[in-house]
Amino acid sequence: MPITTADLARFVELYADRLHAAREHLTALDSAVGDADHGINMDRGFSAVREVLPGLREGLPGALAKQVGMKLISTVGGASGPLYGTFFLRFGTSLGDAAEMTGADLATAVRAGLDGVIARGKADPDDKTMVDAMTPAAEALESNAASDLVQALEAAARAAAAGRDRITPLIARKGRASYLGERSAGHVDPGAASTTILFESLRDALGR
Amino acid sequence: MPITTADLARFVELYADRLHAAREHLTALDSAVGDADHGINMDRGFSAVREVLPGLREGLPGALAKQVGMKLISTVGGASGPLYGTFFLRFGTSLGDAAEMTGADLATAVRAGLDGVIARGKADPDDKTMVDAMTPAAEALESNAASDLVQALEAAARAAAAGRDRITPLIARKGRASYLGERSAGHVDPGAASTTILFESLRDALGR
Amino acid sequence: MKKLINSTDRVVEEALAGMAAAHPDLLRIEDPNVIVRKDAPRQGKVGIISGGGSGHEPMHGGFVGLGMLDAACAGAVFTSPVPDQMLAATKAVDGGAGVLHIVKNYTGDIMNFEIAAEMADAEGIKVKAVVMADDVAVQDSLYTAGRRGVGGTVLAEKIVGAAAEAGKDLDTVAALCQKVQDNVRSMGMALTSCTVPAAGKPTFEIADDEMEIGVGIHGEPGRRRVKIASADEITDMLVGPILDDGVIAKGDTVLAFVNGLGGTPLIELYIIFRRLAEVLEERGITIGRSLVGNFITSLDMAGTSITLLKLDDELTGYWDAPVHTAAMRWGA
Amino acid sequence: MKKLINSTDRVVEEALAGMAAAHPDLLRIEDPNVIVRKDAPRQGKVGIISGGGSGHEPMHGGFVGLGMLDAACAGAVFTSPVPDQMLAATKAVDGGAGVLHIVKNYTGDIMNFEIAAEMADAEGIKVKAVVMADDVAVQDSLYTAGRRGVGGTVLAEKIVGAAAEAGKDLDTVAALCQKVQDNVRSMGMALTSCTVPAAGKPTFEIADDEMEIGVGIHGEPGRRRVKIASADEITDMLVGPILDDGVIAKGDTVLAFVNGLGGTPLIELYIIFRRLAEVLEERGITIGRSLVGNFITSLDMAGTSITLLKLDDELTGYWDAPVHTAAMRWGA
């Protein structure tokens, strides 16, 4: 079953809900290694996204994703604004003018989004950022693209969470957490946590 | 037995010791109704007095009291500095050039000191200040002047304490506590407390 | 107690040494703890001095310099300076035209300045004193020590300093200081207590959901303890009594001064100013000049005070005149 | 959380409205949360803009005015502004001579300013960016996001603003900004945490007898958590790494800047300055200029930072040039 604009809108809405619910949790994670605003930032951005969402339901999925990205860039700020903004922007661009998308299109779009995040933030693998949750999720989607969408989305969500947990013992080398040096080891990366929620929302919104 | 310069010095020293010991207590009383410094102020002043005391033991009692008063004026500051300073200054002036003093001289000197405090601070009875502890003490010394010094000093110390306690329920009308209005009722006046310690020290130093 | 200090005994001395090191172009420190304008005494100029307990920085030492104070006396924390200090300051700045003492209305300050004035008089120096008492939180009645001198003092020192710099004589500057006092009203509030270094613990206990309205700058308890409110409500609680006092009315132009008590950041003071401007507009009062920042503080207390001064051309002119001190500077 | 605010959502907007009400002679507020110099754009003058998360007041909005910034972008508290703001600021101040972006080195600030510069470029405005990264608490290595921009930014904005005011072109002011960066080093410490309004509780827990050395201005944890020490020891812990960094050496003349983080009163900053002057004297370094006060804060955090800028005649001249902003003013 192809993925429609409505599906994408449902995903964005669910992600917005979950970010709102996780606001304190993400902020607490950022208190430990950063400046205590990641949950606030994401919630602010996705609250703004939620307001423009109704007007986007009628259009193309690519246009919706691009608008989400632009809204994030112009409302979030901080590190996560340009990064998630770029993710959605490139994700949308990758979809072009298609009216619907397949699981393979989704995998391609996520990869394009990830490439955008890397180009913007210049994080290497194991720098302990959202990239370390996004990369395994993108790979899981790609390697499951041929099979069932539900299964692919489940694999992506699990891979993101595994990525988040895998880097927890590492020392951060990008973003604010890097200022902590060795003291960053053992703390969950806030961006990896919000990326995990992204792929979990994608699974739960589309993977019925 | 007449009161000598040595006796007076012993009193001042004992008062200084007891103020030092009561530093926190007096400051806590001042926290409740003022600016949390009465114990600090008195201790600062009498620490300075203690340093000049050795040089005063050889002189006349009046000179000793006057030097104590001047030292207090130039080291205490706040309300209590000029008030206690004036007390000791006038006390000393009242003794003139006498080499020794009787119980009656002591009563006269305390009265002179009290008059100085009232002239300087313009407190009326029941304004809830040190004057309300000093006045009954002065009266007790006067009315017992003819009798035994030990008894007179005991009466003065008791009268000061009774004065301090009598005004505790009152609303302050002078000094910082007056800003509190009705909220000052029920709090011990810090200056009345330090005046009580003064007369207790006088009793314990001279009333053997 | 968490403070950047070395020893509770040396707080004032070391802060003054720091001032001397930071502002050698403006001031010098003389014994006992007197901050003197670098070029004092200036012949023929009325000397302006003030002073009070320490813990209110930048007041008063930060106001020593061109167009403001000639000297400031720094007492122990929250304790009026001693007469020796005011006498030393008076002598240090007397240029033959007499010296004005700007005294905040606290029992201790009044008495110590009085004794100093008697001493200066004995030495043949002409001294006048004006008492600042602008805090409307205190009822101006026979049953109190009278209103406290607070934020209005900062404005008085600036304005009077400009007049003295312009060569006005002692009677004129004293009258001008009284004019400021007659036209200025203030009120403050605290979210937290301050901690006097030597005391080592907060002056008062206050719950997480409470605030003290009408607090004094020494942590003296205020008019009432109430549940914490929004910035707008707090502003209203402060402006209300100031305007009710009757000095400032519809049609007037004011200098609006929002002051921080030491532990409150500037971002919050501007939130207060926003509402203040709104209220004044509603009441038909024009903001002619404004001042926002930490000028008369209470150690590390979190809180704010509002001061309004009714302006006329004379006061505005002196306010705008050049000033060059550590804490207030313009036109120079 | 005890703060003078109305709602955690409106902190920045209301503070800006307060600034506009307090300083109508200096600045105006434009959407989205951009503080613009009253008379911008000025034809032929290079525009100087900066910006960053709010919560560091007076930085940057308090530095908008003659001889300093032409505009400042106020992000959410501790969050880099969004590119729309930098673009709006850039357009508002462009007088045809190009615009300099002074960017503090934080991942978010860098990326958002980069996007804005791309957008401005697309609109045909010449933009250059200089990144301030003066915090020696962070090791300058490949394994971090690089040194943070802190107190040196304040000095850069003043100096670069003076050069732009004097008519220097974009390349010249950008090079001057880089020169400040190359010659300035800072380090800070905290006694307490700050509380982000929207978070509602302190960013970090810290015991009554502990302090954080090398803290960031967003409450980022520092180099190490140690037992609380005396003001002199703390000063030494900050100056040591600054001087060890090798930029400032015996024989140099510096601008010595002791900054408060928002919750620390001025009296304590002067105690720090006293020791700083002593250490510099011991090391054969001369204090040519000084600055003491709250200029780059971290909400209500108690603590201090020290910044030293190596001066030469050019930097000193621009430092001394007239400036008229809400928070820094002289000669005008």
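Letters are used for the chains, namely A, B, C and D, taken in the order the chains are written, and counting of residues starts over at 1 for each.
What we mean here is this: a contact is a pair of C-beta atoms (placed from the backbone, for glycine too) under 8 Å apart; a residue touches a chain by one contact, two chains touch by 3 or more.
Just so we're clear, the structure is a prediction, and the values are computed from it rather than from any experiment.
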{"item": "Chains in simultaneous contact with subunit A and subunit B", "value": "none"}
{"item": "Most widely separated chain from subunit A, with each centre as the mean of CA atoms", "value": "B"}
{"item": "Where subunit C and subunit D are represented by their mean Cα positions, the distance between them in whole Å", "value": "29"}
{"item": "Inter-centroid spacing, subunit C versus subunit A (mean Cα positions, whole Å)", "value": "54"}
{"item": "Separation of subunit A from subunit D, taking each centre as the mean of its C-alpha atoms, in whole Å", "value": "32"}
{"item": "Chain-to-chain touches, reported pairwise for every pair that qualifies", "value": "A-D, B-C, C-D"}
{"item": "Partner subunit A, residues of subunit D touching it in the complex", "value": "53, 75-84, 106-108, 111-112, 114-115, 137-139, 142-145, 148, 196, 198-199, 203-204, 216, 218-222"}
{"item": "Contact footprint of subunit C on subunit B as seen in their complex", "value": "27, 31-37, 40-41, 44, 73-83, 120-121, 171, 173-176, 178-181, 183"}
{"item": "Of subunit D, residues touching subunit C in the complex", "value": "2-7, 11-12, 14-19, 21-23, 54-55, 57-58, 62, 191-192, 208, 211, 228, 230-232, 234, 256, 258, 262-274, 276-277, 287, 290, 292-294, 297, 299-300, 302-304, 324, 326-327, 329-332"}
